[in-house]
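Residue numbering begins at 1 within each chain, and the chains themselves are lettered A, B, C and D in the order written.
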Amino acid sequence: MYVVRPVELADIAALEALSAVPMPGVHTLPKTREKIRAMVELSIASFAAHVDIPSEEGYLMVLESQDKQIVGTAAMFAAAGSNGTYFSFRNDVIQQVSRDLNISHSVHALTLCSELTGYSQLSSFFVGEREHGTPEAALLSRARLMFAVLAPHRFSERFFVPLAGVTDSEGGSPFWDALGRKFFQMDFLDAERTIGGARNRTLIVELMPHYPVYVPLLPGDAQAAMGQIHPSGELAFNLLTAEGFEADDYIDIFDGGPILQAHKNSLRTFTGALQRRVATSVETPDRGREPQLRYAVSSGSEHDFRVVITHCPALESQLSVALSLDVQDALHIAEGDTVICVRI
Amino acid sequence: MYVVRPVELADIAALEALSAVPMPGVHTLPKTREKIRAMVELSIASFAAHVDIPSEEGYLMVLESQDKQIVGTAAMFAAAGSNGTYFSFRNDVIQQVSRDLNISHSVHALTLCSELTGYSQLSSFFVGEREHGTPEAALLSRARLMFAVLAPHRFSERFFVPLAGVTDSEGGSPFWDALGRKFFQMDFLDAERTIGGARNRTLIVELMPHYPVYVPLLPGDAQAAMGQIHPSGELAFNLLTAEGFEADDYIDIFDGGPILQAHKNSLRTFTGALQRRVATSVETPDRGREPQLRYAVSSGSEHDFRVVITHCPALESQLSVALSLDVQDALHIAEGDTVICVRI
Amino acid sequence: MLVVRAIQDTDLDALYVMATQVGSGMTTLKPDMKMMGDRLNIAVASFAETIPPEQRDYMFVMEDTDSGRLAGVCAIKGSVGLTEPFYNYRIGTLVHSSRELDVFTRMDTLYLSNDLTGSTELCSLFLHPDYRTGNNGKLLSKCRFLFIAQFPHLFTEKLIAEMRGYQEESGRSPFYEGLGRHFFKMDFDHVDALTAVGKKSFIAELMPRQPLYVAYLPDDAQEVIGKVHTSTAPARRLLEQEGMYFEGYVDIFDAGPVLQARVSELRAMRDSTLADIGPATDGDSACAPESVVAEPMLVSNTTLKDFRMILSQAMPVNGIVALPEAEQQLLHCRSGDTVRTLTLNPRKNNG
Amino acid sequence: MLVVRAIQDTDLDALYVMATQVGSGMTTLKPDMKMMGDRLNIAVASFAETIPPEQRDYMFVMEDTDSGRLAGVCAIKGSVGLTEPFYNYRIGTLVHSSRELDVFTRMDTLYLSNDLTGSTELCSLFLHPDYRTGNNGKLLSKCRFLFIAQFPHLFTEKLIAEMRGYQEESGRSPFYEGLGRHFFKMDFDHVDALTAVGKKSFIAELMPRQPLYVAYLPDDAQEVIGKVHTSTAPARRLLEQEGMYFEGYVDIFDAGPVLQARVSELRAMRDSTLADIGPATDGDSACAPESVVAEPMLVSNTTLKDFRMILSQAMPVNGIVALPEAEQQLLHCRSGDTVRTLTLNPRKNNG
């Protein structure tokens, strides 16, 4: 059974191995042992913290396979840009109507904005090749939101996820070349290195355009790159849009990659989460005919949060969920505890 | 039993009587017999139309009391600004951070935008004094959204509702005086009369500010009026926010009144709507102990749409809803038909 | 002989004939009897001072007195943009710098503006090809400066002249293709024709309102900002001689430059002088600096309603100018009358 | 006697003494030995031409040769805004009009700009109160124009001077209270002090970027846009006499005007003349116009490194000026040397 659980200090070596897999963009796992350790320590401190309002907490979860291997990671930050401002380009559509000429059309413009500041941010989603496209990948992605269902005070009411944009084989970004380069006077990778992947730095205000960028004025390849994901992000994109995230409102200021966002009321995990009492499942011939559905089920503890997949009949009209002893063990829970269940 | 139903030609006289009640703002019922007739005819044609994509349809529903009096109205337009652009002010918050000075604060600005163009618009909500605050008022407000649940292709995925802003006893608007007046060079009421309450006219582009209005620069009374509703709109405001509408994103360009908006996935009517088969209710002693809940229940026909309140046990885990013959009559339905039910 | 003079009622037919010979680039002088008649009426009323200064439109024609034929036309509009908004792009500078990264980027920006609203405009210059020789072009263009120097109270302090922007030989406007087309979605000629007939509110409706970084435009569009059409280059030089400068305003469609001046700083305001018509005496020219001897002079009468101007070889000395009899007649002047004079070409400071 | 001259290494102490007497309004001359020494080093290197033109800062002192005391100081900066962005508000016009409603609204707008980046700046003018008599103020201020006329190749075409903006007697700046305070949330003096010590990046970070309609500001803030501080009005008039104009740029904090000129259009460029020092002859002044007789003249030598300038009653006639011996010494000149001359006050065109 695969388990999603908070990262532990003992996972650092495994994470380092994972991070050696080449990944584009900046929204993935840190690359150096020190940075990985810092992230793990932040996560452990964050899970342990008593939080009043979301702030600089960062939560890192791992997907552990049956044989106790770390095969995936997923992170969530309580408040994006909490030590600054989180900048993004907002996709604006300007309606233009001329009475005299009896014509009307829309013009697309990108506006540097800080609207995502304070949203909770999902990031660093990665699963091994073997788990690609499996329910466990979905479990990992969703586990973060289940934690937010359990501990809503730790998060904003709104969430977003930046996904890496398209780059060419040399690591160049057509979107950057048309936009950021003119202000930063450096290559895309140099700029990302310089800024450390951050989107909350003062130098962004200093250098990035103060006025909306009219999209029709950008070269074709830059326009084509807007809102396009790097192929490696396709899995995350599909999982998140299925979850209820919307991709059309914001893009990344550097590479033009999509930023998915949603109010929690629009997310399936929030609207579909059911709190149920745990019962121990036995062979129940009278229920055997009911179709078995797949659920993600999480423990109800903020400080020992774990999620697994289980199968059981529809829970909507029930007060309890029958879990096998295996599952109860995996979640560190027992009969009578409360769990959160979401169809998956 | 109160019934919400589409307006009919025979209602015109009753509507005219209702419209004589003084109401502020422009988002209420038309004032003249001709305009009322036009609205009624538009509604009848719209309900009868076969719609592929939402366009110029407008739907007007009335609340009919037990004694067949018209005691309330509520309207919905398929696509705001469909013959132009629907203009509003977007509430922007600009984060300002200075590294040198180690200070950070937010500045609030209003940007003329056309983002609500194409949203479906709720308007003209009015109920008589006797029905104020009753479940029937909620029924009337929500009936519109139930129609959208039944016929989603007739509407946008997003909805908004402008509510009248505050005005003084002479009909002046402090928000207008600080903003629109400088460009239009006329009084608030003159401007509203001139523009006929519309928010989709070319002259708005010609006259309204092209650049964001920094709110701190506005006089105190204008700032205080931003997003404030006229007292007469309180009932609608409460019903709509309970429904899931959010009030913080847009305000009216003329009087600064709030514009509530939501994606349909965030609205209780959409997330909580249950399709159920109709059964005829009988005295059922085994269910008598179950608590009775209040539901709005609507007929499942686009062309003969009717909604009433009924009481029955929780429907989540049931396939059918038991309705009395009275209710079935009121909805023009019979056992075996499908209805839409929403907790109310 | 050639005289430039205030237009008159009776010039309409001759003006129409000449307008049929204007190329497509001049939008202000279309061969349309109705429009032209309306404009001529305003011009006559302007010289007669029967309409307010800001509505006036002073038109001047160059007449060949030998044939009675009109050789050219030019005009001064009292104020632009007071009935329909007058749009330009203004070129500004924004600096983006970060000490942390040691980056200092200086960006040109285009602001859509109505800044020139109310300015006095030089416009509608046209010289018939048969007369494009010698100093005729200078005489026609510069007559307006002498007129302004004689009647400065009639004008605002800000004087402008719009210059036709750069086009390729094919007629393609790189600036329009790089910017305007994205918003207007129609051909340049079509837009040009619409503005010529006064349909201008579409500019407010369709143009991007927000400041634009020039760096977003294609290179060929960037390069022609402020550049004049090849055929307009000589006209530009003449205006620059009189103290008009490109100050960063360009046409929103073709990015042609607007030349500007403060009226009080015009060469004509500083250097033109009044002189009485009188007999020449040998001694008078003793103190005149050598360099200016025999330079052609612009000479005008000082009458608003019957303003007339010629080019003369007569030099004013100590307030007296000895105009030949024929030239006095061209100016509708006689001995003892006061005329205004200005060297045709600017003199250099010898410092 | 008073001479204005290029500053020298040895002037630091005397400069410091004088700076302690400058009021709080002058931010460019703080009595800080380190800052002042740095600036003096740049000034000396500027006259010596050992640093590039855009980095230069030409400082001039007025010396009382009777006492050896410094009576005043002023400066010309080669180029502003090339290391830290130089911000101004530019006043523009936007017209909002609707034919349908017959409404035509002309609105002033403020654009945050770095348009003046790279301009040459006149700055740091200070005259000791003991010397605020007669033509001393004019001499000190105008010396810079004669310097520019002598060495125009050292400067950009755009010349600017920032004028201190209007404040109430209490020191309250209506413009700052109406605009800046909402964004900076600190006192005017505090902001002023920060900019003086070079902490300017907060302007980019905290100022509203979007164009502002002036009509949104309180009336008292609107009224002072482009108005100078009462104590600065005389200085403004002097600069205007030399051809500098308010062209719509103002300070972002107090809305004080920026005066601007094209170097080539300065009175000093047009009217100053070179003359050789020589003996006066009676006949030479025969042709001089009466009105200018006995007018005081600015006279400078033509040496960059040892630039010196005085006020003289000697008039140049036909390229010769008869400077008294004492004045020649003040200029470090002798008979036969060339000097540059300009009337202290502008002459009016007699046209």
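Definition applied: a residue touches a chain if its C-beta (ideal position, glycine included) is under 8 Å from a C-beta of that chain, and two chains touch if they have at least 3 such contacts.
All values derive from a computational prediction rather than experimental measurement.
The chains touching subunit B as well as subunit D are A, C.
Of all chains, the one whose CA centroid is most distant from that of subunit B is D.
With each centre defined as the average position of its C-alpha atoms, the distance from subunit B to subunit C rounds to 58 Å.
Put simply, the C-alpha centre of subunit C and that of subunit D have 33 angstrom between them. Counting partner chains per residue, subunit B has residues 94, 97-99, 202, 205-206, 210-211 touching two or more of them.
Residue positions of subunit C touching 2 or more other chains: 94, 97, 201, 205, 211. Every residue of subunit B that touches subunit C in the complex is listed here, in rising order: 202, 205-206, 210-211.
If you check the complex, the residues on subunit A that touch subunit C are 94, 96-101, 103, 105, 107, 109, 178, 182-186, 194, 202-203, 206-214, 216-218. Per the touch definition, subunit B reaches subunit A in the complex via residues 84-85, 92-95, 97-99, 104, 113-115, 117, 202, 205, 244, 263, 265-266, 271, 316-317. Across the interface of their complex, subunit D is touched by residues 81-86, 90, 92-95, 97, 99, 104, 106, 111, 113-117, 149, 201, 211, 243, 245, 248, 262, 265, 269-274, 287, 340, 349-351 of subunit C. Contact residues of subunit D toward subunit B in the complex are 94, 96-98, 100-101, 103, 105, 107, 109, 178-179, 182-183, 185, 194, 199, 201-202, 205-206, 208, 210-213, 215-217.
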